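Per-chain residue numbering starts at 1, and chain names A, B, C and D are given in the order in which the chains are listed.
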Amino acid sequence: MVRIDDPVITAQVLETRLGGEKTLEIPLQSKLTPSALDLLRARGVQVTRRDASPSPAPAPQPASRPGGKKEFKGIFCPNIVIFDGKNEINYKEMERYIEWLIQAGIHGLYPNGSTGEFVRLSWQERQDVVRLICQVNDGRVPILAGASEANLRDVLKMAEFYASIGVDSISLVPPYYYKMSNTSLFEYFAEIARNSPLDILLYNIPQFTQELPLDLMEKLLPYERIMGTKDSSRDLPRLINTMHRLRAQRPGYVVLVGCEEILFPSVMMGASGGTIATSGIIPEVIVEIYERALANDVERARILQYRVLDLINLMLLGVNFPEGFKTGVAVRGFDVGPPRQVMSGEEQHYLLKLEAQISCVLSDMGYSVKGPRACPVTQLPSIVSR
Amino acid sequence: MVRIDDPVITAQVLETRLGGEKTLEIPLQSKLTPSALDLLRARGVQVTRRDASPSPAPAPQPASRPGGKKEFKGIFCPNIVIFDGKNEINYKEMERYIEWLIQAGIHGLYPNGSTGEFVRLSWQERQDVVRLICQVNDGRVPILAGASEANLRDVLKMAEFYASIGVDSISLVPPYYYKMSNTSLFEYFAEIARNSPLDILLYNIPQFTQELPLDLMEKLLPYERIMGTKDSSRDLPRLINTMHRLRAQRPGYVVLVGCEEILFPSVMMGASGGTIATSGIIPEVIVEIYERALANDVERARILQYRVLDLINLMLLGVNFPEGFKTGVAVRGFDVGPPRQVMSGEEQHYLLKLEAQISCVLSDMGYSVKGPRACPVTQLPSIVSR
Amino acid sequence: MVRIDDPVITAQVLETRLGGEKTLEIPLQSKLTPSALDLLRARGVQVTRRDASPSPAPAPQPASRPGGKKEFKGIFCPNIVIFDGKNEINYKEMERYIEWLIQAGIHGLYPNGSTGEFVRLSWQERQDVVRLICQVNDGRVPILAGASEANLRDVLKMAEFYASIGVDSISLVPPYYYKMSNTSLFEYFAEIARNSPLDILLYNIPQFTQELPLDLMEKLLPYERIMGTKDSSRDLPRLINTMHRLRAQRPGYVVLVGCEEILFPSVMMGASGGTIATSGIIPEVIVEIYERALANDVERARILQYRVLDLINLMLLGVNFPEGFKTGVAVRGFDVGPPRQVMSGEEQHYLLKLEAQISCVLSDMGYSVKGPRACPVTQLPSIVSR
Amino acid sequence: MVRIDDPVITAQVLETRLGGEKTLEIPLQSKLTPSALDLLRARGVQVTRRDASPSPAPAPQPASRPGGKKEFKGIFCPNIVIFDGKNEINYKEMERYIEWLIQAGIHGLYPNGSTGEFVRLSWQERQDVVRLICQVNDGRVPILAGASEANLRDVLKMAEFYASIGVDSISLVPPYYYKMSNTSLFEYFAEIARNSPLDILLYNIPQFTQELPLDLMEKLLPYERIMGTKDSSRDLPRLINTMHRLRAQRPGYVVLVGCEEILFPSVMMGASGGTIATSGIIPEVIVEIYERALANDVERARILQYRVLDLINLMLLGVNFPEGFKTGVAVRGFDVGPPRQVMSGEEQHYLLKLEAQISCVLSDMGYSVKGPRACPVTQLPSIVSR
């Protein structure tokens, strides 16, 4: 008999500590993740739940706002989706990856965003991804989930589902494909704000869908559910004006920057944090940029921001979004599987080259990268784990 | 007992001819549409199918290409979706509307296009709309259905479903939201072309998603399933180059224009026809423009093209697409119901004004428009039913 | 002694008919062009002007509007500027070229437009080019000259100069570089319309400067000097709406299309004509397209429009505007000299290849093209001089 | 007799110190500005130049690079052009304004940029403006002058003129109106770099002319005359990449930011300084932002950057560029005269309102603003002269 007291028990945990045992005792409140249940079933392990045992150490409480809500600040990792050989979601590897992110100190998780390829998933898959992430997270960090569904009714349906499984807030892009007038856009967000069970982050990403004008964000301020903005527009003047104008009326208005290259300047100008896909590859460095910026440590923050620039460029350019970021995750040792969208042979070849380059950049930063593609030792000083 | 020999029997037909009868005899092959079945159930009518009866007059055969395929030429009506008070699809009214279109002489039907709001429907709704249209049509005109699903696997799944219910061809826009490189775009269409059970129209609509370059269309020509192009770009120089370049290699390449204002010049330059949303409001006039253009009747075609211009502008401008076109259908006497996308009060007010204006323009054309909003009699000569 | 009775006497005329003579008698009103004067000076020829001689045959009168103004319809050739080895304007070759265009049947001349590289010339050069063209033309065809100067005062100064040398109308793009509000744009054109000594064509070319909206054109209609529109936007729906809306208020409103690929459809929809740079290379064919379109000869006009498409594409694409068109003029036997704007070696190489290709296309059309680059004989039927 | 020892003597200086005297003694090297000469002529004052007198105190030397060149860092003020009632340049008021800027501590002057309306001036006017500024400056601060003329030959001619009168460097936008290929764009800048007598700043301003890609800037690095970049694109990710990529190869590469709203973050990321039009209105504050950023004084720099944001927005939005900035200069007590570009009555009215608003914002900052439009006292703490 093995006894494991962790609040969340994953297949990884079991593989390390179960040994050959066939019975397992766990606390009453502990969560077994999907892959853990699979493993237990596969090995025929019998599970008993202790009742009167001393309660496990309480999980660290995330920072909370008055009213018990979690605070939205720091680095939110926009989560990629990992597929298996059959192009189905690989929940086991995703679980391992999400656990790794939390352990690495990420401040929040963000599934079903642009990095999460929400438009390429089915309605069911979008629900399954978020459920898995909520289970693995088990309340440790706040979760922001994209809820931009095909129509208003489905947005609200999804928000209700998210609320039921422990998501903290939703993010919403303007409807894509068709262009709407600004008055209709206002009505769309206002109607959701009136009915959503969760707080809302307005998500501006003019690269992929129509712009969400700052004037319109201001008009939506009276709705309490509107909690803040996530801005991926690469436009710092606009971000600064967003903070200037909206916080004059609502001082706690959350502003997350979604542009990787300007995390440091944005935080230094007052941004609450960022949704930074690169944090899915080098969480420690991105979290450090945020913290150094908060502490006005300009020298170190600037060095870090410039050192991650090449990595960002490699992952963003020359390949369809978000394949570059998934390649980065692969270099960190996760089996990200095939892309869901088709890719030319030429691009597949490029991705292999990219993997080698990313591997080198990570070595340069001080990460120990193993794997088939050797990387020349360089002279750059390490920026990791200082 | 009533006997009805029509190949397709709708609720409308029954209401006219059933009287108070409780038994109905129909030919073995006749189709009862969904609303017909509803009505029969509601009235408790018993249906028997005659076996050895003289076969009904054969339905008029659509023009066919060698190999039994239907020819894609003339006016394809991009079908709107009609919702009811609960924002569910109103199949009964849609059936009545589709039947009306076919009777009016439209050359083809086109569900799940941009006018059909495909991105606002669920997977199930997209299937239901096309099934209903196939049933009402019953093989009378060719059906082109939009199949731009969330990912490649779902596109092929949908294409197979369409093939199973009698759709003739699919149309495909480039994936929306994310931008893809042109090599990936090629791979995307090529992979579908290799596996689709139906012929494919490449659909260019840069207003709503990324452009489908002419070079890429040319590269896709070797795939037999690529049947043609539907171009809604409003760019006649491009349309002319499409015909010039692709027909030099494949003389029968289909080119449908999707820009209402240039139907006549496009057909005169050799376009196979058009997907013209205005044909859902004034099918006779749009069909006549096409026929006059084919016959080189420049004077009449030009008069008609200019006369429909105000109607097109009213429906396209000042209101979110495709609400203007749905308002036009309402003026023709169909209950199009509420929009699925939310709309500001201001815009709802505008739609009422628009309805009155459209009503006037239709009166001007010679249509007898009834309804609450009176329209001043004008001096313009009628263009209808000459 | 030689006597020459032509109303305009060019160096070309003199070279043919002067022989070795040293005295020349010409009518009192005859014009000697700059190159003619050069030649006479160079050879030391003495000129006498006959006074009481029988007047020469009157020059053919151009079509006129009530009030004696020339009619703006048909094909206006946007004139290139020819430079010499020192990058100065080569007036002699320009004169020969302009004379050739008029002889070829062009309906109007159009210097200082986009094709005429007005922004690359100095104030003085812009005046000199137009003066030369007025002199060579000598009233034979109407002249439209671009007058988009650095500021309003200079526009009016240039318009007055143009009026003094016989230009018929000016064309005006919206000011470039800065973007102006539409109300300022209105004020700009209105102020010019109130003070210009010449009629004005509003020139829309959104490829190069900000769009001139149709609403604004409509607001300018009350100004009598606003004579029409020249639209190079490649947007036929817009061109059609321009004619529909503005001619409803001003039936004689001139609309010239500036998009080469849609000359035929535009004229067929009612355009007054076109400013077609290709008419500087194959004037006879472009003029024929216009005339066939006017005559509703759809079959022949369509054939011609498609036959010139390859030539247009060759000249427009792959090379900085307007170098492709200048290369076309070179193929017709004029020494167009070096470009004023610098060009990479790669592009210079491309131009040589382009010259060979244009040469082939012209051969295909039926032109006899001589020169160093041989062209394979093809099977295409000639379209020239039918 | 009055003796004045200043190195530059303006009309202002004379008005204060001349009194009623009719003779003036000045050092041999002193410069009399145009307005000073006018005043002397008007009053009939006789001027004598002292030869052997003790030399005046040397003018403060600007920071210099090895080789005696002035360093390009800090705040360069993009100079407006002031017109008089006849729409001619008002040299007297410009002189007074330029002197005021230099006294206020601006680090450099920048005539004939976008703020300087270079495309609305004649060739002669562009020369006169820069000559006046050089004379007033008299070597005190570095001068960067725009040299984007109509063609390459004229660019070089202007650069030579600038060199002859003491300009330090030129800035160059890509040619406007026409779009050029990137290879031609390279050839254009390379040809100028090979022949220019002055160093060159590559000026990227995609709002007004075609983009100058970073790749192309990198390709131009081997040319010594290419000294740096002035980037007005509002795109901080691009600015950061510019510094990262180009300084890796040329450590002293100058990067000036031209986007007012991000001066502080840009300098903090390493920008050499900025060309900031707002420095023409509140030079002390803008210079302080730069200095605080250099000193890593994040708190104060952030406060200042946010406090100038409203002023920037007022001047940039709602009015044609650069009229808002000229209105700001007017509030500081200079007679900026009428705009050269026409303006609607509506916009003139707006400018009056704007003037009042700017006046309020300046009061809020702590400036004592006098004038006809009273401004309510507010509660904001002063940011001036701390």
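Keep this in mind: contacts are C-beta pairs under 8 Å (C-beta built on N, C-alpha and C of every residue); 3 or more make two chains touch, one makes a residue touch a chain.
Please read all numbers here as calculations on a predicted model, not as lab measurements.
Shared contact partners of subunit B and subunit C: not a single chain qualifies.
Averaged C-alpha coordinates give centres for subunit A and subunit B that are 42 Å from one another.
Centroid to centroid, with C-alpha atoms defining each point, subunit A and subunit C lie 60 Å apart.
The centroid of the Cα atoms in subunit A and the matching centroid in subunit D are 45 Å apart. Multi-chain contact residues, meaning those touching two or more other chains, do not occur anywhere in subunit B. In terms of which chains touch, the assembly is arranged as a closed ring, every chain touching its two neighbours and no others. Per the touch definition, subunit D reaches subunit C in the complex via residues 87, 114, 119-123, 150-154, 175-181, 183-184, 186-188, 191, 207-209, 319-321, 340-344, 346-347. Partner subunit D is touched in their complex by these residues of subunit A: 234-237, 240-241, 244, 259, 261-262, 264-265, 268-270, 296, 298-299, 302, 305-306, 309-310, 313.
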